[in-house]
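See structure below.
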Amino acid sequence: MPDALASLSMQALLNEILDEVRPLIGQGKVADYIPALASVVPDQLGIAVYGNDGQVHVAGDARTPFSIQSISKVFSLVQAIGHSGESIWQRLGHEPSGQPFNSLVQLEFERGKPRNPFINAGALVICDINQSRYAAPALSMRDFVRRLSGNPEVTVDNHVAESEYQHRARNAAAAYLMQSFGNFHNEVEAVLRSYFSCCALRMSCVDLARAFGFLANEGFCQHSGEQVLSPRQTKQINAIMATSGLYDEAGNFAYRVGLPGKSGVGGGIVAVVPGQFSVCVWSPELNAAGNSLAGIKALELLSERIGWSVF
Amino acid sequence: MPDALASLSMQALLNEILDEVRPLIGQGKVADYIPALASVVPDQLGIAVYGNDGQVHVAGDARTPFSIQSISKVFSLVQAIGHSGESIWQRLGHEPSGQPFNSLVQLEFERGKPRNPFINAGALVICDINQSRYAAPALSMRDFVRRLSGNPEVTVDNHVAESEYQHRARNAAAAYLMQSFGNFHNEVEAVLRSYFSCCALRMSCVDLARAFGFLANEGFCQHSGEQVLSPRQTKQINAIMATSGLYDEAGNFAYRVGLPGKSGVGGGIVAVVPGQFSVCVWSPELNAAGNSLAGIKALELLSERIGWSVF
Amino acid sequence: MPDALASLSMQALLNEILDEVRPLIGQGKVADYIPALASVVPDQLGIAVYGNDGQVHVAGDARTPFSIQSISKVFSLVQAIGHSGESIWQRLGHEPSGQPFNSLVQLEFERGKPRNPFINAGALVICDINQSRYAAPALSMRDFVRRLSGNPEVTVDNHVAESEYQHRARNAAAAYLMQSFGNFHNEVEAVLRSYFSCCALRMSCVDLARAFGFLANEGFCQHSGEQVLSPRQTKQINAIMATSGLYDEAGNFAYRVGLPGKSGVGGGIVAVVPGQFSVCVWSPELNAAGNSLAGIKALELLSERIGWSVF
Amino acid sequence: MPDALASLSMQALLNEILDEVRPLIGQGKVADYIPALASVVPDQLGIAVYGNDGQVHVAGDARTPFSIQSISKVFSLVQAIGHSGESIWQRLGHEPSGQPFNSLVQLEFERGKPRNPFINAGALVICDINQSRYAAPALSMRDFVRRLSGNPEVTVDNHVAESEYQHRARNAAAAYLMQSFGNFHNEVEAVLRSYFSCCALRMSCVDLARAFGFLANEGFCQHSGEQVLSPRQTKQINAIMATSGLYDEAGNFAYRVGLPGKSGVGGGIVAVVPGQFSVCVWSPELNAAGNSLAGIKALELLSERIGWSVF
């Protein structure tokens, strides 16, 4: 269809979908394990779609920054693959876990080797790898994300990072458990600091949709002109998101939405339509699995109506 | 590209790929948990590609029947969804398991509700559902598969079925454990008999590629003219295969091949390229995860060279 | 103290203790997993103490037969050690389990070798060993128990045995799981039948106190004149009861009572005071761990007031 | 028998037993998880028996100090019960664990409440309780142990404590995991320091036999004249040692030796004969369960020959 019409339709569709999912607000629960997240205004809702043609379509609170939390795990992984390639798979797997994101049971049975980079233990190993590489890992990440999103004002919310650190017990347990198996090389406390800084990045739906654009575009970030990953590596990242990107609900997300995606407890979800679009939806209230309740529904409607599922 | 040329290329490509993977033969291990499977000639290798245009391309031992084993779990699931729809998800999930295919640990912790229909426990629940529906479930399945494959001579290898039954201990344990949680409604022994009959179907690569054709074609089986599933249900089946179709190696298969697929310990693997092709590769020797060693490599090469990954 | 006085005191003490624990009746819950057990009159309470001098002291409903259930596991174990000696420990352990009595998790991790003979899986292995030895294991057991108790009218309640068999799912799962690891040698169904027959023996407190007398008397059953076990084997049985005899409450029983003991979901508990007494208390209502609520309290008071703890 | 003769016999018996078990040296393995322990001379062997009459009998290297390691868990527990009584059981249990001493699996399933005070997690909770009570917990412990043993020269080996701290990963993981469930109240690092200091106490067999004397003597330490615990509390400590004192070999120790006991990876084992003796044996080489190989055998022989088993 003609581009202008397509743009019009997309805009109308996004508005329509937000209207449809808005009634879900009030049925979920904002993340409250740290005070800094618990205080977010719950009835916010936004969406942004970024096409490989460079166009952005938005609806709702698409330009309001929020805490990206676990969505940062994708950026950390991309950094690690960028400088260390396939060698990282000696330290962790790329299999779905079938366990809550912060469980230590599987980690102990599998002798300190996390199942994938999107459970906390796996993300900590990735941060440990990046810690060995960068003098200031959190700054490197921030600058990387600024380039990917084209927004030089992306910043870390230090208040959130500090609050996460104060509540670090479960992540510290995972890190020390891996250290006890020889799968952690830097000081646990230092890596935790870096990890929480990455999680505490504040970005909007527009920022995130743009920053994930290269994953829909064979690894090429068109606004920065950077070939971030090879086409093959890009497919691999998408594959890992498809099997492990939504905590213990990855299967359900594949079943309902059919797209590679990654969620965070801040209420953001990013999804990739390979060869076409990246999309970010945000609404702070979560379902029982820790994913944005309205966000998943919005992506499901979007996938159904445009036929976006990869399957 | 012109169809004739495409056919030519596909044929050449399949030959080329089999030549490349053939050296892997000798490095895997034929399934030997029952004598009837252990006696298969190990150095067989075949592939068949079935297009939505009805064309079949084959190479190697593509017309030799083999024991489909767990590939039958897809047919059982399709039957169950066909007659019972979404209601089946009250009895099992569609999340990856993160555990070996026959582990009872997760099943006990999750109170008898299997993670997905492609681990043994989940397939047994599906068979239990079908047992409640059909007077002769194994015959219904055989006839269903004959229609899907267009081959009226597909049969159950009763010798294999009986041998599986004699070695039913682990599956019986899973069934009784589910029964103890109220999630098994028929006689365990009867369901096990049906289950093993379905696993013991003998089909060739060509049979299986044709039988899976509807999953690449929005649920429509063109040689039988049957709308087997709705387009939406079709995507859902593909999604479950993508996250859970290769035992505890589903993540790796997504990473390397990027297609929905289902494997069996007979050495067959079927994959789906939505909107285009279904493909079946067969080689009896398995890797440590129980998947055909040469088969996975062949699909990886195919995916790379044609750019088939959905990601 | 003089024997007559001692007898008098013991009698008074038993009456006193039953009066003290009677108010607990109504606070527990009768076993209801099978109808045949659920229908027991809940407010029954009895105790019998059998001395190495042959004297029996009783109070309350001490002569009312009840379903001995897991107390039978001691008799099965004694039979197995009697004919097979130390060799049985190749098939199971004698370590506490730290798991509910019917969990399969540990059994799978430890590859089908149960932790001890008093969890269900371990008792099933013992029954499997006895099945290989006796033509009619349930009859052999019944006759053995008749001799030990000196009561030729001890019988199996076939109604209970049949009801248990109808609800065999969890035990069947355990047996088949062990079979899958090669640790089960007879037909699962036949062993389950024997197992449930042993559990369904009906005995009174007096019967059980007398039947356990040899464990307080260096293996010698004085009323039958039989040396049932060697003194060393007797200590070993008592040791296993002390660490594993009360389901997942063995540690608490040692802490509060300090005696080797074995409980059943029929509400009976037998304890051994090495060198002096065997005692059986019965009250059908159970605590959360599946042990007689009033029974544990009665033994605790008895242990405190006579200083019976082995510790 | 007359005391003089008894003394003579005991002395002869100890010598005889050490001679019998000495050939086991070379078949075990010295703890090597920290360099400071790995360097111990492996062929040392000593035993000391301390009677309630105040007499000490020794053989072999009974006066050589060694690292008491987990034996210190008994002292910590006694301190905690001393000042906090039964209230400590809100924070941990007294059930055997059925898991390796440092497993986190059970700890996660049971939501951060350790099974008993003799697995590492439980001992850490006890140290956390003591940390809340004492300004300088490690010094309080050292002084307590000096009083109990009557040896004012008992000291902490700071080299060992520091080395343990450097290898704290697994214990740190357990502590943080408990903190994540709200069951850890002080700074993890500070408690770990105290914990390792207690483990690093150096004591001889004579020191330990004397220090455990009160557990054989209804809570009364006769050389210090201190009533350390009530008689009832004393039985309770002995009960916990009997069900959980030897890592994942408590059941086997009860089966073979039949005494409450506690072992350490330094190769020491202390056992209690209630009402009569306390005994400590030491030999640095361990079996697969982490207990002194020669030590267990020596206690087994001693128990058999004197009939010391409580069962």
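Miscellaneous remarks
Order of writing sets the chain letters: A, B, C and D. Residues in each chain are counted from 1.
One rule holds in what follows: contacts are C-beta pairs under 8 Å (C-beta built on N, C-alpha and C of every residue); 3 or more make two chains touch, one makes a residue touch a chain.
Since the model is a prediction, treat every value here as computed from it, not as a measurement.
Of all the chains, the one whose CA centre sits at the greatest distance from that of chain D is B.
One simple way to say how far apart two chains are is to compare their mean CA positions; for chain A and chain B this gives 32 Å.
Here the CA centre of chain B is 49 Å from the CA centre of chain C. Across the assembly, chain A contributes no residue in contact with two or more other chains. Pairs of chains in mutual contact: A-B, A-D, B-C, C-D. Residues 93-99, 106, 115-116, 232, 234-236, 238-240, 242-244, 248-252, 254-255, 258, 260, 274, 304, 309-311 of chain D are the ones that touch chain C when the two sit in their complex. Those residues of chain B that touch chain C in the shared complex are 103-105, 108-109, 168-170, 172-177, 179-180, 184, 188.
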